[in-house]
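Shared between the two complexes below is subunit A, which has subunit B as its partner in the first and subunit C in the second.
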Partner chain A sequence: MVGALSLPLAFFLPLLTALAVFLLRARRAPWLPLLGGAATAAAVADLIGQVAREGPQVYHLGGWAPPLGIELYADGLAALMLGMGALVALAVTAYSGAYLRGQGHDAELFWPLWLVQWAALNGAFLAADLFNLYVMLELLTLTAAPLVAMGGERAALAAALRYLLLALLGSLVYLLGVALIYGATGTLHLREAGALLGDGPAAALAAGLISAGLLVKAAVFPLHIWLMPAHSAAPAPASAALSALVAKAGAYLLLRLWLWTFPALLSVPLGWLLGGLGAAGVVYGSLQALRQTRLKPVIAYSTVAQLGYLLLLLPLATVAGAAPHAWQGAAYHALAHGLAKAAAFLAAGNVLYSLGHDRLAGLHGLTPYLSGSVLALGLAFASLMGLPPTAGFLAKWELLRGALGGGQWGWAAVIVGGGLLTAGYAFRVLAAAHAASPPGYSEIRPPRRVPPVMAWTPLLLALALYLLGLSAVPALGLLEQGAPEGLG
Partner chain B sequence: MSALLYAYLPLGALATAVVTAAAIFALGDARRRQRTFWNLFGATAKLLMVAAMVGGVLEGHTFAVAWPALPGVELRLAADPLALLFAMLSSVLWLVTTVYAIAYLEHSGQRARFFGFFSLCVAATFGIALAGNAFTFLLFYEMLTLATYPLVVHRGHPAALAAGRLYLAHTLGGGAALLAGTVALYAAVGEQPFTAGGIPAVALWAEQAPAAATAVLVLLLAGVAVKAALFPLQGWLPAAMVAPAPVSALLHAVAVVKAGAFGVVRIIEDVYGYPLAAELGVTPALAGLAAVTVVYGSVRALAQVDLKRRLAFSTVSQVSFISLGVALGGPLALIGGLAHLVHQGVMKITLFFCAGNYAETLGIHRIDALNGVGRRMPATSAAFTVAALGMIGLPPLAGFISKWYLGIGALAQGQAWVVGVLAASTLLNAAYFLPVLRRIWLLPPPAAGFPGAGGAEAHRGLLIPALLTAAAVLLAGLLAATAFSPLGWAERIVERGYPGL
Partner chain C sequence: MTQAALYSLVAGGLAGIAVYGLITCTHLLRRILALNLLGSAVFLLLVALARRGPQAVDPLPHAMVLTGIVIAVSATAFALALARRYHGRTGAERLPEDGA
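Take a look at the complex of A and B:
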């Protein structure tokens, strides 16, 4: 379609849209975000086609090759994440207009922030050097914190501030690691730096610092503390983007760096350490989700748990029999979790919108206004649990097949047990929604009708999980493009 | 019919149920006529497609459709005679139960949700029947768990929610075992379609790694044993009784417990093959467990005062005959078990329909309130009587045929103790059904009369399904010797599929 340009367009189109919305005002051009979003999605779709046909794509901004210029690099994994991101981002964009209007949030503030965030996200998936990654990570943080604060309540402000401070600390630590690498090798290129770095103590220190920074961003246990307050206080569409995409970008980069830049350093004990943190997140996040009394905190803690699964790839990648399946499973999990989490948060937004609260105890006797949203919630939860026929099931199958095929019983237990824990908190919510109203119950205020675009968006996202649950073969074929050695 | 159409019939029948569900969800609660149209259209269309497949299989055609779901893992639907036995049962009973459910529930709340999930539940059951490999079986088996949950908690009161929790704790736990077992099976032998008599690659693997093969077999069986309500995993079934009567009917006769029992058949016969499963020492244990469950369920049924709970424990007992038939090995016992898959379904659905009629028409839930009800509701009571006598095993009713084949099958295998179990079961069945029949027909009705104004019998939408299935109980026994009876079809399955037994 647009040839080599679709790669940079995937980054620049949302940025340009943000600028245009900022200049024209969303009030005067309410169609503009969706138009820019559709154009971005088209560029991403074109790029995915290119990667699938021709293998990994490279683009040098302004024609300058590194180390002077900036390189954008799209392999199968990046293309997959861009595609997932585009689906979620389109849904968020379509949903937000009506939600912001209905809940009285400031649209003029939201749109530029959100569109810049989308650009930064695509940038993080595409950046080929450590410094540009730093820029993208900062951009993600600096757009995410005000989006959280837009929730408006005191708690939202406190959560935003806590998030900002921790995330900036994470960025700082990350930057220290980057500086070390530049000092040692003279390059920041993702693939070249790793080859030059070797496996000496400097390399280990740099990898440790960078990982620590990213562990904060990915909300990996025990550095997850900022996530629940922030993601549950933000306006629902922002929560969807933060949980499905922004935190995911941290986990994505963690995997990308360990598998592409520091594979020489990924020893068995280290893999176990990182995988252990992931497993702890799976257990801790799920147990916390089980204790929440409101819907959005349940979904937010679920993110802590679900991102933990991604880290299980690191120990499994060091086992020959397990690596290829675990790699496919982790990538598909990232995809499935993104769609499911966005659907869940948008459905939760509908509950908030209609009832004015999201207390589980108050979900009983749901009105017809919310039946589609609860269906979407249930369908999305089924994918998070790994129940078929969803994308989440295929992801869990591959992860488990990797673990069992490589004789890794412990990790297999985490994968199976994590699914059961997920079912625990998911069905707690669904049971609340199925409960009949107590006799004599009357609402404090009549439930509000949910606008059709808001009702349909989470449902369509959830249904996409079932389409992707019929076959993972196309997506996993794409993933093969530029897969690291030993995994593809 | 063209070859292409033949290949896609399984997919079409599955899609019918899914599309019906989607249409019902989209219609919402209010539009009753359209929903009823979709309900009946979906059930009829699916039945016709399954019937066409039965005809095709008789002519020697094969129906199979498969596509890769993951690299090296296929989603495969295939219609072999065993698959069609279960598919035909579920399609026929779905149609009947749909008619019943419309009459039973159309005036309650959350109808769109109910009928939508009702359809999804049947889609999952159909998928289980036609699953052509372990992956596909797992997929639909787990989908069934999810689809039945909203039906179990339909009423939404605390008891229903508690039953739902218990149901999930059991079935999701079982699902986890089945998942681990299936993945381990694929890790060991890769993609293998179900093969009548056992998959050769599994036999090879079991030779090299007998301990692992045994462990995986136990995991797989543990996974399906939960839904099959084998002791000690049966706890959820009586609790799930709080669901509305059509759901109980569906759960007990067609969907959940039957899916578990069908899974036992598939795993033993078509994954490992009976000889290998016996060599690994698993089938004797399974036979023992099934026998314990038969007696345990009956003994517990004796003590129940609630009619549906008594029927539920009766299911625990009766469904285990299927596992027992499989675990004994030998053609006759297997024929008995497979025929019982259908027989138990028809009998138990009749009993639940009738229990629902008593509850819906007269508000009767307890057995001691049934005194003299035969005079007030003679047709319902006649249907109940036929099915109860069938359960006891009175000739020439369906239940007798199953027990007869199980008995001579056990003797042929040199397992005479099973005859004792069958005799005990018959006595216990009589002990918990005959007093009910005595109350219905022989004891005088309460002096104050029955609650509920006017009308002698149940609504015809509730009555006709019960009479039809009761007639099926009679016909399955009377016409057992014909090729199209459940027994005849079971014989065909065993003769064609398992000549090695």
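Take a look at the complex of A and C:
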């Protein structure tokens, strides 16, 4: 279709749309964000086709080769993440117009920020050098913080400030690690630096700094403290993007850097330390989710737990029998969690929109306006628990197969236990939603009708989970393209 | 000690001061300043790295520092604007968790 250009277009189309929306004003061109989003999704689809047919794609911006030019690089993993990102981003774009209007938020502020965030996200998936990753991470932070602050009340401003300060600290610590790597190797390219770096003390220090910075971005336990207030304050579509995409990008980069740039350091004990943090996150996030009394915090703590699963790949990647399965499982988990979490947050947004609150105790005696949203919530939770035939089942199955195949019983226990805890908080929410109203109960204000586009988007995202669960062969085939050695 | 090593050590010291300040100070303005100091430490390290060898100065770290300064300025501006809005709305200079 557009040949080699679809790689840069995946980054530049949302950016140009953001500029156009900012200049034209969304009120005068309400169709523009969706049009730009559809064009971006088309570029991403074309790129996925190219990667599937021809293997990893490389593009040098402006024809300048590295080290002075900027290289974009798409392998199978990046293509899959871009595809998941495009699905979620399209859903958020379609959902936001009606939600922001109905909740009295300023859409003029939302659209440019959200579209730049999408561009930065695609840039983070495609960047091939450490410094461009820094720029993309900062862009993600600088767009996510104002989206959190959009509510404008005290809690939203405090949450945005807390997130901004922590995330800026994370980026600068990351940049300090990048400077050390450049000092040790003289290159910023992910793979070249990895080949030159070895496993000396400078490499270990750089890896530690970079990991610490990214752990903040990925909201991995115990650096997840910004996540709860930010999610409580942000509008529902911004929450969906924050959990499903922004925090996910941090975890994705953590895995990519460890597998491409620091594989020599993975053996012991840093890989195990990161895996341990992930396991602690699985347990802690799930237990906290069980204790929450409101719907959005349940889903937000579930993010802390589910992102922990991704880090389990690092200790498993060093075990010969476990690595290939764990790699497929972790990649599939990143996709499945993104779709499920976006569906869950958009469904929670519908609950907020209709009832005006999201207290679990007040969900009973569902109005017909919310039946579709609760169905979407149930379908998304089924994938988070790992029930077949969802994509989440496949992800946990492969992770578990890897852990058991490599004789790693401890990690296997975490995977199974985390699934059981997920079932605990999922059924708690669903039971609350399906309970009958107490006799004589009447709403303080009658539930509001949810516009059809808002009712359908979470449902379609949740259904995509089932399609992804049934189409494992092409997706896993795509993942082989450019997979690191020993994992493909 | 070479010049580059001296500057690298100073950068390390600055980074330590910045992180200490960020953790111990709760006033929002001081925290934003601490982040700026950390940024300066990283930039100093990069500039020192550019001058290591006997050969000509390496231009790449300079390009990185320029980009980094642009990002740091905009991030600081946004953090200050957000802190001002927060102060205007609540009269507080600290985040609620830090005893505003």
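General remarks:
Operating definition for what follows: the second predicted complex is superposed on the first by the 485 of 488 C-alpha atoms of A that agree within 3 Å, B and C clash if a C-alpha of one lies under 4 Å from a C-alpha of the other, contacts with A are read in each partner's own complex, and residues count from 1 in each chain.
In the analysis below, a contact is a pair of C-beta atoms (placed from the backbone, for glycine too) under 8 Å apart; a residue touches a chain by one contact, two chains touch by 3 or more.
Since the model is a prediction, treat every value here as computed from it, not as a measurement.
After overlaying the two complexes on the shared chain, residue contacts for A:G183 are found with subunit C alone; subunit B is out of touch.
In the overlay built on the shared chain, the residue A:L394 is in contact with subunit B alone; subunit C does not reach it.
Once the two complexes are laid over each other on the shared chain, residue contacts for A:L142 go to subunit C alone; subunit B is not touched. In the superposition on chain A, contact of A:P452 is made with neither subunit B nor subunit C. Look at A:G419: by the touch rule set out above, it reaches subunit B but stays clear of subunit C.
In the overlay built on the shared chain, the residue A:L161 is in contact with subunit C alone; subunit B does not reach it. Touch criterion met: A:G405 reaches subunit B, while subunit C stays clear of it. Residue ranges on subunit A touching subunit C, taken from their complex, read 67-68, 131, 134-135, 138, 141-142, 145-146, 149, 152-154, 157-158, 160-162, 164-165, 168-169, 172-173, 175-176, 179, 182-183, 188.
Residues of subunit C touching subunit A in their complex: 15, 19, 22, 28, 31-32, 35, 38-39, 41-42, 45-46, 49, 52, 59-61, 63-64, 67-68, 71, 74-75, 78-79, 82-83, 85-86, 89-90, 95-97.
Of all the residues in subunit B, the ones that touch subunit A in their complex are 25, 28-29, 67-71, 73, 75, 109, 112-113, 135, 138-140, 142-143, 145-146, 149-150, 153-158, 161, 164-165, 168, 172-173, 175-176, 179-180, 183-184, 186-187. On the subunit A side of its complex with subunit B, the touching residues are 328, 364-365, 368, 371-372, 375, 378, 382, 387-389, 393-394, 396-398, 400-401, 404-405, 412, 416-417, 419-420, 423, 427, 430-431, 434-436, 470-473, 476.
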